[in-house]
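As written, the chains take the letters A, B and C, and residue 1 is the first residue of each chain.
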């Protein structure tokens, strides 16, 4: 009986693999997160933007290090503070053979704010443009109402669609492939929501030929399923290798690992919105605290000094994290080289707490998500461990992000573990969103869940953000960052490191924006 | 819901798993014990169960470490293999440590305590609620029956994970709250089981006789209907404890279980689950083994109890 | 019969309404979908726009009312995440889940009933005891754990079976099925086994209990005394007597597998409704959750009805609509 079963299984397996065996120019990649649409203007979401850039292209794109480089635009400049001019690339054809011109750019800018039911619109990026002027088919000018320094960075997120196919096209038309006609190196063959996306090479691509004919992206959200798929040869590359499997894969000759520090920082917001202690922060015996301890910079500093970032990096993250000192690693513009990760110093932390009037510490609950960032719940638990060494009693509560973020935004927590990926790849936007005094009407401190407020920092940052000259602006942003981080406006923990694993015979060039691009995957020869 | 939860539904189908027993066995305990002891397997299960119960009860005194006291953990000791000693204290970890440096042996003792506690408590509460509603439905019939059974329908088609998520959002996290979630998920099965066996009992002469004697309704239900529905239910409940533990493990796997600093067995397994492919098997294997032994022991005992308590089989 | 059917139908409609209202209130209590959907870098204006675009700016009662009106016209709304009609998302995935559920149930029946009979007929033999002890293993380990062990052994170590996804499908009466292709079967084997394991244990135990009961009944003793062969006694008298509870359980199990194969589907990346449900719950994609649960309620109603009809076929004493039928 067993022998028959065994034979049957083998026979099945042989048949199955014979059909699915990867041909030379075919590759299958396991992705972590679902791609929710093939409409490049429907949902501003990293997994979508990462996948769709194979099919559609922006005027300006980012290289592996986040630097802006020409794509459909060959050059750009400011004519005055309120006017940007872009030269478009010639001899670019859409997948159907029709030529790309300024008309397509105009059409795209019109379409972006008008996609029905969009849960997260790209209009954020096009809103500053108040007027568009076509000079000739390959020259276009954008007018803004106020100086808009982030124009090139914003346009890197706006993918150009074909006017011919996009007119009147709905999100469904993109999903079905009917309207999904771009200029990118791959064409859409099949999109099955939550399961897979299949692409075919665009042989007429202006950037030259790609090494792959057919590319399949499989959505494998369960980390163990993703690793198992790689181990069994079902896929040739996976993104976001779970840290628990890094050691094993690193020692296995059949696979290779690449990683890169990313634009995402894991940090802690300390709720300073209340005069009395914020929620879930009490004296050790559970009685309420008279003052909000987080309003005292010494307490904030102490809570940062108590965290052993090296230990988190080596023990929890398997070396795939970089201790953080600000919003972005200091290779990115607008960061300060003077800021260093706060040193682990429990003794010093105790002293600071005593100075601030808490010689015996106090009690708090660390809140965090458990399915959003790499090892988020483990980091929260390790921090609680470190706090027990400085006399702060810490409990931990983690919950799925569906519950967590709503409550965090309502400031129902005192101590919140969070993460932030800076899409603009420069520090200004992060400082503006997370540390500037909360004033959503002005677009300042929109995500400042700690309600940190420092007038001097606000002044320097506001001035910096309006400065047109890049070098000068970045220097001022770096200065603003020094003010906020020396005051421990928030507690940076580490920058996430993204990891990709490939089967041997493939070479991947990792990217800082965590995108998984098949254009960066080459056969190793 | 999930597979683990379904077990609960299925083991207690209306009046089938356990044929509605005739009036409870009146024989002395000693005979029961003798009957029980006839199966050596069941005795082994009992011994194992007592040992496990003792480990759980005495956990704070026999564990090398208090795994819930974060001050005693050191992340530098994380993921030590079984038998390795702590880097900082030199303490030997017989079953290794998890990713927070928690001694697995201690964690398993404490985890047993929570898992058994959660299992027993949730089944007990669900049993009481199911009993009351099921009896009411069967005895009063009519609109009471229809209303209770439609709520049962609703409950059965509502996924446990959604219930757990709602409760987590509204009530927060904690052992008490996870018990509430498990009770919410389970009571409907009991209500249905009780109703079906009570329906059978209700037709019997003794209930009619009691009614003819004009005894009060409450008295009829409590003194006559209830005792006759109880024996099968008690055996079912023993089995259900295992299912409640497995359900809690699954909720933990989905991130909806207990606080991660106070892991139950289920949470230990799901925490270690991600290390299964990496060769650090002990983080998930030993808690899994402990859970398996517990459930096997409970079921061996329950199986024999079921046979012993069933008067027709013990003839 | 007709009155009975109509009454059941009416009550089921009530359950549907109560269910959708509960989901509305539940999702509202859990959190705000906009928090998860909108890009974190978005400003206040964009957040307000997204909230309005999803219809979440209106009071909850009004949202429910407009959903109910749409539902009356067969429109269950569009997925917040995918902007695809929710019912379409659910129905597209239903064949995969149905296939998995039927495959698992099939395995359980084919193995479970014979093993259970053996254990019931020879309760004290070595084989009988081994089967019983083995059946305990079937539900003593969490499903996710067993699933990964299966993948480790059959995909990673031995390389026999593919670790995830659904294989090649062919159309059977217009429904895509994968069990008719070799590739499809290879993909189906592990998840079906993983799901079947628990049911298998359950069927073994049920069959055994029923067989032991039946053997003591007078008619079986009588049949034996009459000198009927063991095959006939077991096949006709014993089996027939224990079929009702088994049918009940299979019905119940089939329903719950279709509804809640969440863990198995996510470990094996099986593109079914269970995975859709968990993804939708994690994203608070309310229209999909509601549409999904409505489909499930309908399936439950149909299965329960079928089980009741089967009862009356198996045992003429059971009349439809009688309270003694047991199932709701």
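Here, contacts are C-beta pairs under 8 Å (C-beta built on N, C-alpha and C of every residue); 3 or more make two chains touch, one makes a residue touch a chain.
Not measured: the values here are computed from a predicted model.
C-beta contact counts were set side by side for A-C and A-B; A-C has more.
Averaging Cα coordinates per chain and for the whole protein, the chain whose average falls nearest the overall one is C. Here the CA centre of subunit B is 22 Å from the CA centre of subunit C.
One inter-chain figure worth recording: subunit A and subunit C are separated by 37 Å, centre to centre, where each centre is the mean of the chain's CA atoms.
Distance between subunit A and subunit B, defined via averaged C-alpha coordinates, is recorded as 42 Å.
Among all residues of subunit B, those that touch two or more other chains are 165, 169, 254, 273, 276-277.
Along subunit C, residues 30-31, 148, 152, 156, 281 each make contact with two or more other chains. Annotation for subunit A: residues touching 2 or more other chains are 224, 228, 231, 371, 400, 402-403, 407.
By the touch rule above, subunit A contacts subunit C in their complex via residues 9-13, 15-17, 19-20, 34, 36-37, 39, 42-45, 116-121, 123-124, 171-172, 175, 192-195, 218-222, 224-225, 228-229, 231-234, 371, 400-407, 409, 420-421, 423-424, 429, 433, 440-441, 443, 446-447. For subunit C in complex with subunit A, the residues that touch the partner chain are 30-44, 46, 49-50, 53-54, 78, 80-84, 89, 148, 151-152, 154-156, 159-165, 167-168, 182-183, 185-187, 189, 266-269, 271, 275-276, 279, 281-284. If you check the complex, the residues on subunit B that touch subunit C are 1-7, 9-11, 13-19, 41, 141, 145-146, 149-150, 152-154, 156-162, 165-166, 169-170, 192, 196, 199-200, 242-243, 246, 249-250, 253-254, 266, 269-270, 273, 276-277, 284, 288, 291-292, 295-296, 299-300, 303, 306, 312-313, 315. Interface residues of subunit B facing subunit A in the complex, by the touch rule stated above, are 69-71, 73-76, 78-79, 99-101, 165, 168-169, 172-173, 254-256, 259-261, 273-280. Interface of subunit A with subunit B (complex): residues 223-224, 227-228, 231, 242, 244-245, 247-248, 308, 311-312, 315-316, 370-371, 377-378, 380-382, 384-385, 388-389, 394-400, 402-403, 407.
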